[in-house]
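Order of writing sets the chain letters: A, B and C. Residues in each chain are counted from 1.
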Amino acid sequence: MSGVVETHELTMRFGGVTAVNAVNFSLRERELRCLIGPNGAGKSTFFKCLTGQYPMHHENGRILIRGTDVTGWNTHEIVRLGIGIKTQVPSIMDGLTVQENLWLSARRIHGWAGAGGAVEEVAAELRLGDILRRAVGELSHGQRQMVEIGVVLVQNPWLVLLDEPAAGMTGNEVERLIGVIRRINQNASVIVVDHDMEFVRMLGSRVTVFHQGSILVEGSAERVLDDPTVREVYIGNRAR
Amino acid sequence: MDYAGVVGLEVLYMIAFLALTSAGLAIVFGMMRVINLAHGEFVMLGGYTTIACYNAGIDIYFAMLVVAPLVVGIIGLIVERTIIRFLYGRMIDTMLATWGLSLLLIGLVTLIFGNTAVSVPAPISGYQLGEYQMGGYNLFIILVACALFVAMWGVLRFTRAGLIARGAMQGAEVVSSLGYDPRKVYMITFTAGAALSGLAGGVLAPLTGLLPSAGGAYIAKAFITVITGGAAVISGTLSSAVIFGTVDQFVSFATDPVVGEIAMLALAIILLRLMPRGITGRFFRDGT
Amino acid sequence: MIAWQSVGRMRWGWFLVAAAILALLPLAADTHTPTVLLIWALFALSLGMMWGYAGLLSFGHSAYFGLGAYTYAVAVINIGESTLPLLLAVLVPAIVAGVIGAMMFYGRISDVYMGVITLVVTLILFKFMSATAGDAYVIGAARLGGFNGIPGFQTLNVPGYPDISLFGLPTYYVCAAALLLCYLVCRWILARSFGRVLVGIRENEERCELMGYNVPAYKTAIFAVAAAMAGLAGCLFANWAEIVTPRLFSLGQAAEVLIWVIVGGLGTLIGPILGAIALGYVKILLGEQTVIDNSLILGALLIVVVLGIPRGVVPALQRVWAYGSRRSRRRQAQPGTARRTLGPSPGEQR
């Protein structure tokens, strides 16, 4: 059982609320998986556990990435394994230009000499060439999301974790994003967290549905999104 | 047995001292997230007001309990209107500006009152506890501190103003949704905090000779008491006052006052490191 | 043009002019006051580097200034020759800062709490040193002297020749050299990856972490470097004043250096230097009269700067300069993207 990502009985509690409840999750190499679920289902908390943004102790369960136990690791240690992370709220350096953001990320992997080339490649792929010299703080939300994805990609990660990547993007940008995600998936495993069912349907991958801290159902996008239980979970939550 | 009584009273006094001198800062920090580094100077001004009034013939209790808070409150109002209100949300800038304010106030007071210590006699004389001679005035201070905190708790829990205040601790939107202008609320809060600082200064005036630089002695301890206490005004300030007061006095009795103070400061660092949001950030969530 | 280059760009022209001015100054003026101004400038540079480029605000940077001074005094009294004490005066503050920094940064405390902790550290040192009067408080042959401090130790000597010690003009040149050298070191750090990462940390710490950088390690490192420079300044101050007192650790000293940096300008290296020189000079002038208290001026100044020009004087001047030169170049229009200086904007110091 050598998955890229495996969790064993992953649990996270805040005060009296169990946000993630003994979740056993696994992802195979080069798989593209979407995690969906209504607000409060625990998918974002699960994501943050994977990315080392919550302190973990042994009662929280275990997380294995390519066989390495990363439970309790710091974020930067996890990233250094070769993992790219895009957070829910765009976390990018507003005061610097797009070029500078990309360069800083690229430099860690490619060194001073190689960073420039890597930046150009990513900028070309994501069509960021026009805005390279613009300060990130001045860009639209969708553009900032794209820059953040660029910052992630320029490190050539073999596992990419994206939390709500399409938020705030225009229709065109979303289409481009889907193409980008599929291209990333050719070389890397990808986990996308989102609650927009339409976006997930367009991606057409395997889907894991979260509900009240546990995995409700898993399967292909087609099957899961038409599953009445899943719809009820979404509609039921909206009606509340 | 008498010795235990003495130590106990000294600890109580220290707690009361910390609580009293921190109250004003705590209100302003808890409700507005403003760290007023000129707080020590507000306390000092309360002291000077009291002394000036006493020298002018006004009854000392009236001076320290009424005039001092009033005068310093007005000064606080002026400060809020001219400086603080432009810096809301900018915590570090506020700290810097109020640090400048503290220097300014020290300079002004030195200009007006000069650099020699002024003092006023304690209106309550000492008493005997077994073999020990105790300062009676300390009891008064403990009393005032208790009364103050009870009053604060009462206001926060039972009055409309208290409700608005607790709303303000959650955020400006809560105040707006209650139908009140957050800016006015902040203005009143800052003024109230200043008035409390003035009260503390007035009450503490008879204890030592007052110098323009006296504020420095108050600000450091008040600062760490409030920050370590966390955002909850009453429980935060009281819990850290209790912890620090006890540690300071016990260590002082065991060794000497300087070591006691240093122990208190070192403890502050440890506590802040372990509980980065303060004691009440970790334990008490309801805001009071 | 990559904006990075304005961070690391070394303006050799100006540097050489400044070096020349410093070299020739003794021909025109007495060096006693300029020496201490240069020392203060170095002190301010150390804080300005850390605060302006890494976003780390220490409310108690005076702690390392004082540690440098005291370390030198104690060491030179015990050793008799000044080379090792000078080295220790730089290393001891750096090590102490390394320990305290690691404790703070690996504990992920916020910047407000960093302000508090650094303030408390300098306060502890102040209280401790003030209370060390009496014969019980000695380190080797050096009595700590409590509030009165340690007077009468020998000043820096030519390495290897303990009898040839420096005061007056040679001390001035040593201080000038130290300042110029440290400025170059700062520029060098900023031009390296290390400096780029620091700016990244200042801009968005979380994202820097997500890029895989070990943020606490970087912060601790720059904190220690800044402390080392402050320690050097402290050591030189001890040589100039020929006495070290607890006042070096005081809140007043901590406030002064902060004011110098913020008035001079956050986000530049020259800003803090000029701020320290200008305000230090004002302080000395004011010290000679008693009508207007020094605190009053400094306090009013700090308030005005925070309210009016939060980035400090030098960046404001730079903006005026840039605006002016942009207007005159408007004929050769380049698609204009706003030229951003790499200083933090008001409020981002949080």
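By definition in this document, contacts are C-beta pairs under 8 Å (C-beta built on N, C-alpha and C of every residue); 3 or more make two chains touch, one makes a residue touch a chain.
Because the structure is a prediction, the values reported are computed rather than measured.
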item	value
Centre-most chain, if every chain is reduced to its averaged C-alpha atoms	C
Most distant chain from chain B by Cα centroid	A
Mean-CA-position distance for chain C and chain A (Å)	42
Centroid distance [mean C-alpha coordinates] between chain C and chain B, Å	32
Computed distance of Cα centres, chain B from chain A, in Å	48
Multi-chain contact sites of chain A, meaning residues that touch two or more partners	none
Where chain C touches two or more other chains at once, by residue number	none
For chain B, residues that touch 2 or more chains besides their own	none
In the complex with chain C, residue positions of chain B that touch it	35, 83, 86-87, 89-93, 95-97, 99-108, 110-111, 216, 220, 223-224, 227, 258, 261-262, 265-266, 268-269, 272-273, 276
Touching residues on chain C, where the partner in the complex is chain A	2-4, 193, 196-197, 199-200, 203-204, 206-215, 337-338, 340, 342, 344-345, 348
Residue numbers on chain A that touch chain C, as the complex places them	51, 74-76, 79-80, 85, 87, 91-97, 99-100, 103-105, 107-108, 112, 133-135, 138, 151, 155
Contact set on chain C toward chain B in their complex	57, 59, 103-104, 107-113, 115-117, 119-121, 123-124, 127-128, 130-131, 251, 255, 258-259, 262, 292-303, 306-307, 310, 346-347, 349-350
